[in-house]
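After this come two complexes, each holding chain A, first together with chain B and then together with chain C.
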Partner chain A sequence: MGTSSKAKRVKAFWFILPAAICMLFVHFIPILWGAYISLLDLDVYTLADWTSAPFVRLGNYIKLFSGKFPVGQRFLRSVYNVFIYGLVTIPVGYVIGLLVALLLNREFIGRTFVRGLILLPYITPDSVAYNVWRFIFQARIGLVNKILLKIGLIQEPIIWLVGKRALSAVIIASIWKGWPFACLILLAGLQGIPAELYEAAKIDGASAWQQFKMVTLPMLAPVSKTLLLLNVIWNFHAYNQFYILLGGSVGEAHVPSTFIMQEAFTNLHYGLGSAMSVVLVLIVILLISILLAKRRAGYES
Partner chain B sequence: MSKRVFLAIVLSLVLVVSLAVSGQSKSITFWLMPNAPDETHIPWLEQKAAAFQAKTGVKVNIEIIGWDVAWQRITTAIATGEGADVFQVGTTWNPQFAATGGLEQLNINEFGGKDAFMKANYESTTYKGKCYGIPWFAETRALFYNKDMFAKAGVQPPKTHDELYAVAEKIVKTFGEGSAIALAGTNAHDILHNWTIILWANGGDLLTKDNKMALFNNEIGVKSMKWYVDLVRKGYASKACAEYDQNQADAAFINGNVAMCYMGPWNIAGIEQQNPGLNYGVVEPPAGSKRKASFSGGSNLVVLKASRNKAAAKEWIKFLLEKDNMVEYTKNLTHMLPAQVEVFADPYYETGVWKTFKTTLEYATAYPPLATWGDIENIVKQEFVNVLSEYVNGTYNDNTVKKHLDAAADRINEVLKKER
Partner chain C sequence: MKAKVQQQPQLKMDNLARKPVLTKEITLRILLYLGVFLVLLFVLVPYLWMVSGSFKTSLEIQAADVTRPDLAPRWIPRTFTLENYAKINKTVPMLDYFRNSMIISLGTMFFSIVISITAAYALSRFNFRGKTAVTFGVASTQLFPGIAFLIPYFILFTLINRYFGVQLRNTYPGMILTYTTFAIPFSILMLRNYLDTVPREIDEQAQIDGCSSIGALFRVIIPLSAPGIVAVGIYSFIMAWNEVLFASVLTGRATKTVAVGILEYITQQQARWSQMMAACIIISIPVLLLFTFMQRYIVEGIVSGATKG
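The block that comes next holds the complex of A and B.
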């Protein structure tokens, strides 16, 4: 027994090794490398020979959090933006997804077809979908303004993609793009609920609303938590929708990914960019730990 | 199993060795931007690469990279020492990349000496007095106008900023709001170039002469930016211009919907392709309160310091600069202006719109060759976007421009302290 389990372990070791090596080189080493760069004043002068960049310890982090530097204020603003973005897109996407999932969970002719159809926004590539949305939001030729003008809500075309409305425009497009995924996951969850539970509830005289509240929602909780977890991670890395919709005019609507991209790769402040990335990773890890801890607690109860 | 492991090791060794060998073989990689439409550009480049290979035995791998991604591709190449041996950079990028230490220092005398090139273009290749690139072609901006619309409105091309307002007023009366001029807004990567033309014409400048302090937030700067924003506020330009990129502004003019636009010689190819019937003219940019001014830009060819084939890369640059190749490339393909004095002497450039561009280029201004130029440009651009955003949000007032220019100046003064 001892020898065979040892042989098994050796075998497992060999199976894991290639993946582990790949992970080491494409994930872990670059991550540590990035964390190290965040302690350097790596900029245009040291780009070609970055090992000679001066070691500034926590200098880059101080720049971000001391409140004395515009770049820090702008970064914090971008973190705030991504929280707002997530706080709107995640719940709204969830509610739409749930409503549609409930509809699609009933028997009707052509159900499979409709189920496939609702996935369309989700399977459209980001670049295509958000470019179309960019057209929809254009001030002069965009569909949104055309409709709003027609029904008389506005008197003259308003500009969506610049200034204070930019974030709302991105949020609307993202909800459209994101809800089918929530729907797909929740539909799978709904189908996993045993029919007996509903029958039992009916026998106890529960109304449709009571059934939903007492059976459906609690049974969907594990799926919902996974969904929430994924959405939080994705939201924090939101980049495509902002980059494509707002392009050069991200302005006040920066989120961390676009801001890091600009600072590190356009303005060549790699040290500062790495520091911001580290902060972003820490925030995401913190949020995930909270969610996972809650989830474990949920399972135990 | 050990046999398989052995095989895997052998295979990976073969891979490593072959990679190493291919690196030493006689080939170079050349990155350039879409300077002409692909349909004509690519065949020409392939033909020239074949001629070069026949002559020198060096194969040239050509890759066309969009302007929007070029900056990142090049910085990656500089940081890693991999990617391209020789590549095109915008004149405003050259000093910054030189400062990274990633570009090969070049001896201009090997390429005909500095007097062979337009002065502003040669200066753009320098950083701290040393040369890190070879001017390839030049560009400048002038005012394109729609002759038919001008005739209908009964106006003449404007010679000054004030005249431009007066002309715009009449055009708007004839053709409606937003029809006078197309402007690039928040999405234009070259919005700065369009504004500095106005700033310089009014006698202002971005930085002090010694490049130590921001200067553009003074009275002249505020006046110049207000003049620009007022084109939209007064309805001469469409309100939608606030969100335009340069292509959208160009398209509005090229489609014949708008009467004026600040554009460059490369747009001529666009007009020929998209609306050959457009009856347009080109005049020098209208003068401001102090002088006539325009922006001097263009592209240079540079060699990556980490390249294993620097000699071949330099030969390729020399080959591209040969007079016949240069004339073909600028006159027929790209409609850019040659950066070489000799090619520019061609009588062709004394005719039609080219005469205007040539005259304009003679007094056009280039940006100072600073390592932190990219930063400076981005900061002004960001604050410019903020000004336009305030306009869109309806919070624009008399102090808006001053407020944002001051903010930009503060940030830029910080950046300039880092300049070595």
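The block that comes next holds the complex of A and C.
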């Protein structure tokens, strides 16, 4: 028993080793090293001999939070933007996904085909989808302005991708791209609800709305919570939609990822960029811990 | 299935009020099809606009103006042209980027399958101390935003080149290593879930019959988990094909992928929308083909990976 379990442990170790080395090299060492770099004043001049980069302790963090430096204010603004972005895209994507899932859970001609088609936005590469939306949102040649002018909602073409409307444009395109995933997961959840529950509710005289409230929603709670968890994580990964749709000139609509990219790889402030990355990771970990704790509390009660 | 169940009580009520129930049923049907139509419209309009744009001449798009009815952009091209497809490689070396993407994505697919099947096998079949910790470690990688390790990773590449003389930036092996590692956490969890559904008795029997655990992996587990492996391979391919953030920093002329190469159609001087739309269609083809053929496996994999992982 003892030897066999030890032999098994050795074997398991060798089986996992390649994956572990990859993840150490790409994920864990850089994350920890990034936390260390965030304490250095590392830029393109000190990169050549990085060990001699000045150790500024929390200097980079002070720059971000003291409120005296424009770069800090702009970073906090980007954090604010990503929260707004998530507070709109996640609930709207969920509601559309749920409505369509309820629709697709009924039988109609061509259902399988439609179910495949609605996954298109989800599988289309980001760089294709957001470039097409960039084309659609163009002020002078775009589809959105063409339609809005035609139905008389606006008199002048709107500039979507620069300035104050940029965030809204990104939100619209992201909802279009994101809801099919919610729909896919919720549809799987709907198909897992036993038909007997609806029959029982009907015998009790529940209306369609009551059935939805008393049976469907509670039965979807577990998948919904998982979906929320994933969406919150992905929300803070947001980069492609902003970078591609706004064509690299993100301006007012910066989110942390695009702002850190600019600080690190355009302005070459690696130390400061790393400090912002650490803050971003901490925000994600904090939110996820809260969600997981709530979920655990939910299971226990 | 559910619809049939719901019809039964209504049939009983038919005797009481046949007509209202029937009209209600018909109205619901119409609303259902209307809803499906609206959903499809919402999904498909951007694609139709993309296809339409790809057949327009650059001149038509440049001259378009939404404020002037005679020049407003149209759904049907004024002059239909195939030039944007025929000259796909002219202004932007798209075919080179396509080749780079193919090499990097196929490499990622291969290594991701090999590395994650062995790890998933260990997590599914062996009991060892620290298993929970390993699983947690694998899952935790999905938490980090890419930007959080891009900066140190970039510096790591620079230093490896300086001290060991190995250039990883702008090379195929460097990109394949990067993307393989991006793909394996989700692949491991997805495959472990899959392997958990394959009865243990099958490979235990194989081991009793004289297979080593590696032999059991190759002769029994891999053939039985083919659908899971297909799903993981396609997921890895698509991930590498689509990735933007790391590609924009770590690739250069020699390895640029389609996902970042496509941005070159729009420059400060010129916006080549019609060519870009044609390129958008071309670079979507591999992803769409893979997905269409393997939809069932992928959807199962995504759903189980997302909800059980």
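Throughout what follows, the second predicted complex is superposed on the first by the 295 of 301 C-alpha atoms of A that agree within 3 Å, B and C clash if a C-alpha of one lies under 4 Å from a C-alpha of the other, contacts with A are read in each partner's own complex, and residues count from 1 in each chain.
Quick note on the criterion: a residue touches a chain if its C-beta (ideal position, glycine included) is under 8 Å from a C-beta of that chain, and two chains touch if they have at least 3 such contacts.
Everything numeric in this text was worked out from a predicted model, so none of it was measured.
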Contacts of A:Asn240 with chain B and chain C, given as first, second, both or neither = second
Based on the superposed arrangement, let me know which partner A:Leu40 touches: chain B (first), chain C (second), both, or neither?
-> neither
Going by the touch definition up top, name the partner, chain B or chain C, that contacts more of chain A.
-> C
Return first, second, both or neither, reflecting whether A:Asn267 touches chain B, chain C, both chains, or no partner chain.
-> first
After superposition on the shared chain, which partner residues are touched by A:Pro157: those of chain B (first), chain C (second), both, or neither?
-> both
Touching A:Lys8 in the superposition: chain B (first), chain C (second), both, neither?
-> second
Chain B versus chain C as contact partner of A:Val170, first or second or both or neither | neither
Considering only touches as defined above, state whether A:Trp50 meets chain B (first), chain C (second), both or neither.
-> both
May I ask you to decide whether A:Leu184 touches chain B, chain C, both, or neither, giving the answer as first, second, both or neither?
-> second
With the two structures laid over each other on chain A, which partner does A:Leu117 touch: chain B (first), chain C (second), both, or neither?
-> second
Intersection of the chain A residues that touch chain B with those that touch chain C = 47, 50, 138-140, 156-157, 247-248, 265
Please give the residue numbers of chain A that touch chain B in the complex, ascending.
-> 43-50, 70, 138-140, 156-157, 159, 161-165, 247-249, 251-252, 262, 265-268
Chain A-facing residues of chain B, complex = 71-72, 75, 78-79, 81, 96, 99-102, 185-189, 238-240, 242-243, 245, 305-306, 371-372, 374-375, 378, 381-382, 385-386, 388-390, 392-393, 407, 410-411, 418, 420
Over in the complex, which chain A residues touch chain C? Could you list them?
-> 5, 8-9, 11-13, 15-16, 18-20, 22-23, 25-31, 33-34, 37, 42, 47, 50, 100, 103, 105-108, 114, 116-121, 123-129, 131-133, 135-136, 138-143, 145-146, 149, 156-157, 176, 180, 184-185, 188, 195, 198-199, 202, 222-223, 226-227, 230, 233, 236-237, 239-240, 243-244, 247-248, 256-257, 260-261, 264-265, 270, 273-274, 277-278, 280-281, 284-285, 288
In their complex, what parts of chain C are in touch with chain A?
-> 1-3, 5-6, 9, 29, 32-33, 35-36, 39-40, 42-47, 49-50, 53, 61-62, 64-67, 72-73, 114-116, 118-119, 121-123, 126-129, 131, 134, 137-138, 141-156, 158-159, 177-178, 180-182, 184-185, 188, 213, 238, 241-242, 244-245, 248-249, 258-260, 262-263, 266, 273, 276-277, 280, 283-284, 287-288, 291-292, 295, 299, 302-303, 306-307
